[in-house]
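Two complexes are shown next, each including chain A; its partner changes from chain B in the first to chain C in the second.
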Partner chain A sequence: MDPALKLITILIIAFEISFTQNLILNFIIIAFSLLILILNKIKIKSLLHILIIPIIPAIGIYSSQLINGSANYGIILATRVYAYVFLGATFTKTSSIEDLAFTLEQNFNLPSKFAYGVLGAFNLTETIKKEIKQIKMSATMRNLHLTFLSPTLYFKSIMSALNWSNLLAEGMTSHLFVENNPRTHFKIIHINKFDYVKIIITIVVVQLILIAF
Partner chain B sequence: MQKIWNLRNIILLTLISIICGIIFFATGFIYNSLSLMLTPFGLAPFANDILIGLWIMAAPLAGFIFKKPGAAILSEILGSIVEMFLGGQWGASTLISGFIQGVASELGFAVTKYKHYDWIGIISTTITTTIITFIWDWFKNGYSSYAPNMLILLFITRMLSVFLFGGILTKLINNMLSKSNVIK
Partner chain C sequence: MATLNLKNLKFNYEDSKFPIFSNVSLEFKSNTISIIHGPSGCGKSTLLKIIARLYPKYNEGVTSGKILLNQKSINSINEISFRKKVAMMFQNPNQQFCMQNGYDELIFTMENLQLSKEQIVNKIDKAIKFGNIQQIISHPFDTLSGGEKQRMALSIIYAINPDIILLDEPFASVDYETRKIMINKLHQLKDMGKTIIIVDHDLSLYENIFNNLIIYHDNTFKSNSYETAIRKFKEFQLSSSIKCSIPDKQPIILSLKNLSISNGDKDLIKDSNINFYKGYTTLITGKNGSGKTSLFNTLIKNHSFDGEILLNQKSIKKIRSLKYYKKVGIIFQESEKQFIKLTVKEEIKLSIKKHNHKLFSQTEIDNFINSLGLTSLLDQVVYSLSEGQKKKLQILSMVIMGHSVLLLDEPFEGLDLKSIKAITNIIKLAKQRGQTQIIISHQRYQLEELIDFHVQLSNNKLEYKESF
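Moving on to the complex of A and B:
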């Protein structure tokens, strides 16, 4: 399925379960997402990760409803946490940022500067991580401990980001990336008409479950 | 708006949200341990409201650095796209929160007609961010069923958090950047 259409479907469903209180729908979403993940051969490690990590917020929200609100609503909210995580994972575990950027650019009129700019910045993440570590370390050597509360840490990181964004933009320009010019594509992405049918069916089924239960 | 959002600025904007994300990820254990400590008392939502300022910080920071319409909302959306692919636990659902937080912060700057990049702007964006994200949690995290006392406490905690991180810390960073002449 086309990544952008898949994302839109997921966002519509996630938005809808935020405003409705339907335990059965939450369970169906979790089960269906799990099925999709297994069919896409998710690794056991990532499956355990998305099963275990949400335990803290799920129990937290349940206990707070149990003590300060209503227990029934607590169960809905706890399953909602899992529905969110599983629904979200069906997208991130089956699509890459490149595919999303390419289809948004080719089929949804996203300006190419956004598609490639964000993609470029995304690929700099590891470098920026190292830079932040380095900034922290060199401060520690001068007996200064920078934490998330220190403006200096952000200031120095932004300075290095300024430098990197200049370098990357120059690099892309010198590789003949011209902002508003039409581009040719190595990988052309067509949206299958069947994808639209899938979206409509999924959304209609969600509404039917909401009405039925 | 077309002119300001050139390739370099788009990269810079995304990098700013990545920086906030990385620094915030390093404090992820604070959220989890705070949440665990508060769970037996049924006060876990406070962990969320104490730290919300960190989540939304990229928006006012970008607003202050670029001083242009769209900066706050774009930084949150681009930031949430990156976070989604870096393996944030919420997957694609991150985008919805990112969008709502971006709109909330942007509205604060829009109210001042994008002219007040000072304490007035900070207060305005703090108020809109607190109110809109609170309404979102009203539905999404079930705040609607809590007692009024707890709601008032949650609201005040959230406002202080947004003011501390999205306000004071942002202003301090902004002051350092203007002193070094990298921004006007």
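Moving on to the complex of A and C:
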């Protein structure tokens, strides 16, 4: 399925469960996402990751409802957290960021500077991780011990990220990227008509579940 | 075919009254190679970026004067047609790439040129042949060596096929053999009718292909006569090979036993044994991408390895990083990676305050700052320095730290002869006071005075040699 259409579908579903209180729908979303993840051969490690990490907010919300609200509502909120996480995971595990950027540029008239901005932003997290490791090592060699609480660490990484974004713009210009200028596309992404049918069916099914339960 | 004229060009930073350069009037014709030469920080890179119309857009500067491309002011030409005619290769290739690997970067560039899919495939084929980049084109940039990245960057310029080619220190990190091959490629480009302008500190191997040598003097850039140029080139002729001794029973500080390292699926070093000796300077040489920097990364515990590495007879796997980095320091190939503080002064102060061993007195350090030409830059932000100035600050800050073992990865890259001399003196003094140094360098000037031993990395083995 086209990554942009997939993202839109997921956003619509997430929006809907934010404003409805339907425990069964939450469970169906979790189960269905899990099925998709397993069919896409998700690694056990990543699966444990998305199962364990949301426990903290889920329990937090549930227990606060238990004390100050109703336990039933608490369960709905806790499963909602999991539904969000699983919806997000089905997207990130089954589509590539490059394809998302390219389809947004080619099929959704997103200006290319934003499409490459999306790409840049995703690469940035990796860059920042490496940057922090690098800064820590350089600092240690200067007998300066930066922990993850040291402001210097964040100040430095923000400084280099700012510097990097300026350099990126300059680098792109040097390789003939000119804003608003037409470009050709080496990898052409067509949206399959069947994708629209899939979206409509998914959303209709969600409504039916909401009405039925 | 294109001619470029500069008329009374002047440049200064917004907050400074003094121009970086002024009165620059030069002509560049097609079918020629011009070389611009001058000390670090004199504004050579700035000049190229102004010609490439990247400055003053991407820095805070003011220019005056005229730049004419085929007698037409460059500012009157629309952006994309200008970029198709004039292309520049940056000094630091990392700053020029925006995709993950060479293949994607080429596609990105060719898409901007609005080529069809077939044309792109064709262009990529030609670029691969030109730069001999088949082996490295689909590897992520961060796994490539400095020299490989420079080859990639030049191949992309070739694919753009501009009339005017601007190259900023294009061969700073390639080995001597590759430099020969690449300079030959430039000759081909010249014969195709291109106008080529190169900024380089190192003038070796250019004497047979250059048409014009431009030297920075008295705040301006001026063309020189053929005779003056030839005299200047003579300074850069390399003595064929320099003799050095093979170590024998000196005290050992670092010992590598059955060491193997690899980069992805590529074996770099296989089952090698070698010792490094206390209080000596060892030079490591090897072809681009042979694994020199990976060896350094291994020595700073930043690359996995098989076998054993002993520092003073203790396995480095058993020494905690905090303690290890007090003993072993590295000068990274990319200067910016080293900086912790914001300004030049703070950077030097940090080293003075936090040193491991006091190698130098305050007077000596003040003298170093002076001889490296950093005095007037003390309040400047490190990111705003030229590449050469960054290098000098980086080396000074790390040498002051007084590590027992200092690894230097291409410490002379992008430096003029005067700076190389000043740096050599500082490093030599540190050695006299007990520091062990291991150096990777393609640049060979002044090395004679510094190097005690030479280790060559070839065919996945490390071996001591009698000359370099």
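To be clear about the criterion, the second predicted complex is superposed on the first by the 172 of 213 C-alpha atoms of A that agree within 3 Å, B and C clash if a C-alpha of one lies under 4 Å from a C-alpha of the other, contacts with A are read in each partner's own complex, and residues count from 1 in each chain.
Everything below uses one rule, namely that a residue touches a chain if its C-beta (ideal position, glycine included) is under 8 Å from a C-beta of that chain, and two chains touch if they have at least 3 such contacts.
Source: prediction; values computed, not measured.
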| item | value |
| --- | --- |
| When both partners are placed on the shared chain, which of chain B and chain C touches more of chain A | B |
| Touching partner for A:Gly120 - first (chain B), second (chain C), both, neither | both |
| Touching partner for A:Pro57 - first (chain B), second (chain C), both, neither | first |
| Partner chain in contact with A:Leu47 - chain B first, chain C second, else both or neither | neither |
| Partner chain(s) touched by A:Asn181 [first = chain B, second = chain C, both, neither] | second |
| Touched partner set for A:Ile135, first chain B, second chain C, both or neither | second |
| Which of chain B and chain C A:Thr173 touches, first, second, both or neither | both |
| Chain B versus chain C as contact partner of A:His145, first or second or both or neither | second |
| Contacts of A:Ile209 with chain B and chain C, given as first, second, both or neither | neither |
| Residues on chain A lying within both footprints (that of chain B and that of chain C) | 116, 120, 152, 159, 166, 168-169, 172-173, 177 |
| Interfacial residue positions of chain A with respect to chain B in the complex | 7, 10-11, 14-15, 18-19, 49-50, 53-54, 56-57, 59-61, 63-70, 73-74, 76-77, 80, 84-85, 87-92, 96-97, 100, 113-114, 116-118, 120-122, 124-125, 128-129, 132, 148-149, 151-155, 157-159, 161-162, 164-166, 168-169, 172-173, 177, 179 |
| Complex contact set, residues of chain A against chain C | 116, 120, 123, 130, 134-135, 137-145, 152, 156, 159-160, 163, 166-178, 181-186 |
| Of chain C, residues touching chain A in the complex | 52, 54, 57-58, 79-80, 83-84, 87-88, 90, 95-98, 100, 105, 107-117, 120, 142, 156, 160, 300, 302, 321-322, 325-326, 329-330, 332, 336-340, 342, 350-351, 354-356, 383, 397-398, 401, 403 |
| Of all residues in chain B, those that touch chain A in their complex | 5-12, 14-16, 18-20, 22-24, 26-27, 32, 35-36, 38-45, 47, 54, 61, 65, 78, 81-82, 84-87, 89-96, 136, 139-142, 145-147, 150, 169, 172-173, 176-177, 180, 182 |
